[in-house]
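What follows are several structures.
Presented sequentially are two complexes of chain A, the first with chain B as partner and the second with chain C.
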Partner chain A sequence: MRGLATLPGLPPLLAIGGLLAAWQAASLAVGLDSLPGVPATLAAFPDLIRDPDTIRNIADSLRRMVVGFAAALALALPLGILMGRSRTFARLMNPLLMVTYPVPKAALMPIIMLWLGVGDLSKTLVIVFAVSLPVIYHAYAGARAVEEKMLWSAAAMGMSGPARLLRVVVPAALPEILVGCRTGIVIALITMVTSEMIARQSGIGNLIFNSLDFAQYETVYAMIVVVGVLGIVLDIAFERLRTALVGWASPVGEVAVASA
Partner chain B sequence: MSARLLARAPIGLLPIAVLIGIWQAVALSGLAPPALLPRPALVFARVLEQLGQPEFLLHAAATLRRLFAGFVVALVLGVALGLAAGVNRRVDAVVRPLVRILAPIPKIALYPALILTLGFDDAPKIVLVAADSFFPILLATLQGARAVEPKLVWAARAAGTSAAASIYKVVLPATLPAILTGCRIGLVVSCIVVFLAEMISSTDGLGWVLVNAARRFQTVDMFVPLIAISVLGLALNLGLSAIRARLLVGFPEEA
Partner chain C sequence: MSGVSKTFRRREGGEHLALSAIDLAVAEGEFVSILGPSGCGKSTLLYMLGGFVAPSSGSIRVGDRPVTGPGPDRGPVFQEFALFPWKTVLGNVAYGLREQGVARVAAEARARALIAQVGLKDYETFYPKELSGGMKQRVAIARTLAYDPAILLMDEPFGALDAHTRTRLQNDLLSLWERDRKTVLFVTHSVDEAVFLSDRVVVMSRSPGRIKADVTIDLPRPRRRADLLLDARYQRHVIDLERLIDDAPDVGVRP
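Moving on, here comes the complex of A and B:
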C-alpha cells in the first residue's frame, strides 16, 4: 500500500478505471440492449446536456437538495449541540430519535404529498427529515465529548454561558459536526433521488424511470453516472472542507457511506 | 442501549406522547379532514387488525425474505473482505480505493440498472439491499480488524497456529464487536432500502402495500406498512443487542 500511496490520486483513479472496465466487460459478455457499454453511455451525454428539459430537472433536484440540506443543518445543529450540553434534554429527545431512526424517510413521500401537494415543499421536507438525524447525532456526540476543563477555564475567565457555547463548545465539536455534515450531504442526495423515484413527478429520479419506461437505456445509465459522480464529488468536497477547517483533528471516518 | 435507555428515561416518552397528542388534536379539531389525517387510535387499531390478516403477513414475509437474503450476502462478503483487507496489505491496497469510490455512490440510483439486468423479480431488490448494507459492515470490519493487537496474532503464531487459522481463531473474535456494530447499521439500512425498493417497483411486500394504499387514497392503510417497517427495524435492533450481549459477555456495551 505504501508504494501506491506515494501518488495520492492514483489508487482512486485506478479504481475508477477498473470499475469502468468491469462494466464494459459485463456489457460485452451479456450482450443485451438493457446493459449498454461505457462508450454508448458516454455518447448519450451530449444529447442530454443539450436538452433543456433534462437540465431543468437536474437543476430542480439540486435546488431541493441544497435547500433541504441547509434547512436540516439550521434545525439539527442547535438541537444536537443542546442535547450534548444538557443531559435532561438528551434524555428527553433520545427515545424520539431512536423511534424515528428506522423510518424510511423517503417513504413518507406519499403521505406528505397528500398534505402539502406534489410541489417542492414536500420533496424538500423529506430531505430535511432524512438529513437531520445523522446531523443531530454527530453534533450531539461532538458536543457531549467537549473537555469539561476547557469550559471551566472559559467560565473562570468570565465568559458567559452563551459565549462558552459559541466559542468553546462549537469549535471543539466542529470535527464531529463536519463528519455529520458529510454523511448528511450524501443522505440528502440519496433521499432526493429516492423521493423522486417514488413520486415520479420531476427531477433526476423521475428522469431515470421515464427513460426506463421509454426503453432509452443509454439515458438511464447516463443519469445513474450523473448521480454516482455527484455522490463522489460531494463526498470529496466535504472531506476537503473538513481538512481545511479542522485538519488538526484526526479523521474519524475515512469513508462516507451512502446508505438510505 | 435502547431498552436500558427507555427504562431509565421515562421523560423521553414525553415528546412522543406530545406528538401523538398533537396528531389527535389536529384530527379531532377538524382542521384536517379524516381522509387526509385519520385519528391515531384508528391507525393503531388498523395495525393490530392487519397483523392478523394472512394477506398482510404474506407481504411482510416477502419483505423479510428479501431483507435477510440481501443482509446475509452483505454480511458474508463484508466480513470476509474486511478481514482479508485488515490482515493483508495487498488486498487492502485494492479494496480501499474501490471503497473510496463506491461507498459515496447512492446505491438506490443503481436500482433501475439492476431492474434492467436482473428483471423485476426478487433479484434486483436483494442485490440492492446487499449493496447498501455491505459498506457499513465492510468498513466496520476493516476498522476493527486493523485495531486488533498484533501481539495476540504473534502469540498465536508462536504457539503454532497457522497463518490462516489465526485469522478466524484470533482476528475474527477480536473484530466481533466492530462487526456487530456494522451489522446494526447494516440491518436498519436493509430495512429502509428493501421498503423503498418495493415502493419504487414491486408487486408485493410492505413497500408495495403503502404505494397501493396511496393509489386508492386509503390514508389509514398508508400508515400501517410504515409503522410495520419501523417496528421491524426497532425489533431487529433489539434482537441484535440480545445477540451481542450473548456473544460478547463482559464486553462493555457500546455508547
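Moving on, here comes the complex of A and C:
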C-alpha cells in the first residue's frame, strides 16, 4: 500500500478511502463469508506475502506482462508508424485491425492453448495481441498527424527519407504513441489476469480461482487489491516517464481506456 | 542563379489545372514577392521551387542544376512555423547545421549568434510551445538562415501573426536581408507587405494560376517604413497593384 502515499494531493486518497468505506459497509450489511471486510482482507496479507507460492504466482504474472508488453511494442510501433506514413499500407492493414480489435483477446485463449499449451507462451502471446492493437492505432494516428511542413523543413536541411521517419516522425508522434502505451498497460494487466483464469497453471488469476475453490475469500479479495495497486503504481510510474519524455508537448487529451 | 520556367498541371479529384504556363526568372540577390488571391497556386509554385512538390510538366532550375528534390541551397519558411516541438530554440536553430555535419560546439555558437540577431537572446532554452507566434516565426527564420541557403522560400511567413507583430517582423526581415542580400521568394496576399519588402512583385491570377503582371518596385534602399509610407511612389505602387488584383476575373467563383 506504500504506492498510495506517493499519490500527489488529497483527492485521490479521499476517493480510495471512500471506496474502502463503501466496501466495508457492504460487507457489514451483507454479512456473508464471500464478502469479507477491509480489515479481514488486509489481515490476509502478512500470510500471503510470506508464502513463496504467492510470490511465485505474482512474479510469473509480472514476467509475462512485461515480456508481452515489450514484444507488443516491438511489433506495434513499426506497424503503426508505417501505416501513418503510407496510405497503401494503412489501407491494407485497416480492415485486419477493424476485424481483430473488437474480439476479446482472452477469447482466443482456448484456440492458442490448443496449439501452444497452457504455459507462458500462450499467455504471453495473448497479451501481445491485446496490447498491440491500441498501440498500433495510436502510433498510426500520431504518425499520420505529423505536419508535412515539419518534414519538408527537415528535407531542406538535407535529411534523407529514412532519417526523417526516425528523427522527425517518431519524436513528433511520441506524445500520441505514449497515449497508446498507457492504454496498453491497462490492457496488459487485464489480459494477464483473464488469461490466467482460463489457463489455470500459475499467476495472479490462477491464485484467485484456486483460493475461490478452497473458499479462501480473504485471499481472493487480497489478490484483487494487489491487481488494483499494481495498476495504480504502473500508472504513476508511466506518468513520470511520460512527463520526462514529452514534457515539451502540449497536453494530449485524456485516455479512453478500452476493455479487453 | 539563372532562372525558373515551368508549366504544370495538378490533380485534385479530377484534373485540375492549378498553375498554367508559369515562366519566372529571378536574379541572384533579388527580393521577389509573389502576390495573388488565395487559391491562385502561389504557395504551390514555391513548394515546387523547394522540391517538395513535383511539377506535372515544365522544368525548374536553380543556377545550372535542375530541381529534383529539397536541398539546403533552398531554405523554406512556412506560415505554420513547422518548428520541431521537442527541440529547444537553440536545438531548432542548430538542427540544420548539425545535419550538415557541423560539430556541436560550432553549430551552437552559430545558432546563438543567429538567435541574438532575430532578437531572442534570452530564449535559447525555451520550447516552441512556450513562445508566441511572432517568436516562433523568428526561430523558424533563424533555423533556416543557420544552414545558409542561397535562396529563401518564404510562404506567407507573417500571415498568421497579428498586425503589430507582422510589422515588426517585416522591419526586422528587411534589415536582415539588406545586410546579406540573399535571393528571396516571398509569397503573400498583402499588397503593402509586397511593396514594402520587394524589388519586384509578381502578380498572379486564379483558376488556372497564371502570372498576370511583373512589377518592378523602384524604391530606394535601405527602406524605412516611416519614409516609405509618405513616399508618393510607394502609394502609387500599392494603388496600382490593388487595382490589378481587383481586376482579376474571378468574381463570383466563391462557393
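Things worth noting here:
One rule holds in what follows: the second predicted complex is superposed on the first by the 247 of 260 C-alpha atoms of A that agree within 3 Å, B and C clash if a C-alpha of one lies under 4 Å from a C-alpha of the other, contacts with A are read in each partner's own complex, and residues count from 1 in each chain.
The rule is simple: a contact is a pair of C-beta atoms (placed from the backbone, for glycine too) under 8 Å apart; a residue touches a chain by one contact, two chains touch by 3 or more.
Since we're looking at a predicted model, the values are computed, not measured.
Within the superposed three-chain model, A:Ala40 lies out of touch with both chain B and chain C [touch as defined at top].
In the superposition on chain A, A:Met159 contacts chain C only, with no contact to chain B. Contacts of A:Trp248 after superposition: chain C is touched, whereas chain B is not reached. Of the two partner chains, neither chain B nor chain C is touched by A:Leu75. Of the two partner chains, neither chain B nor chain C is touched by A:Leu20. Among chain B and chain C, the chain that touches a larger number of residues in chain A is B. Touching chain A in their complex are the following residues of chain B: 2, 5-6, 8-9, 11-16, 19, 32, 36-37, 89-90, 92-93, 96-113, 115-117, 132-133, 135-136, 139, 185, 188-189, 191-193, 195-196, 199-200, 207, 210-211, 214, 217, 219, 222-223, 226, 229-230, 232-234, 237. Note for the complex: chain A touches chain C at residues 147, 149-150, 152-159, 168, 171-172, 174, 246, 248-250.
Against chain A, in their complex, chain C makes its touches with residues 47, 50-52, 69-72, 74-76, 78, 80, 82-87, 95-96, 99-100, 127-129, 143-144, 147, 149.
Residues of chain A that touch chain B in their complex: 1, 4, 11-12, 14-16, 18-19, 30, 32, 34-35, 88, 91-96, 98-104, 106-108, 110-111, 114-115, 186, 189-190, 193-194, 197-198, 208-209, 212, 217, 220-221, 223-224, 227-228, 231-232, 234-235, 253-260.
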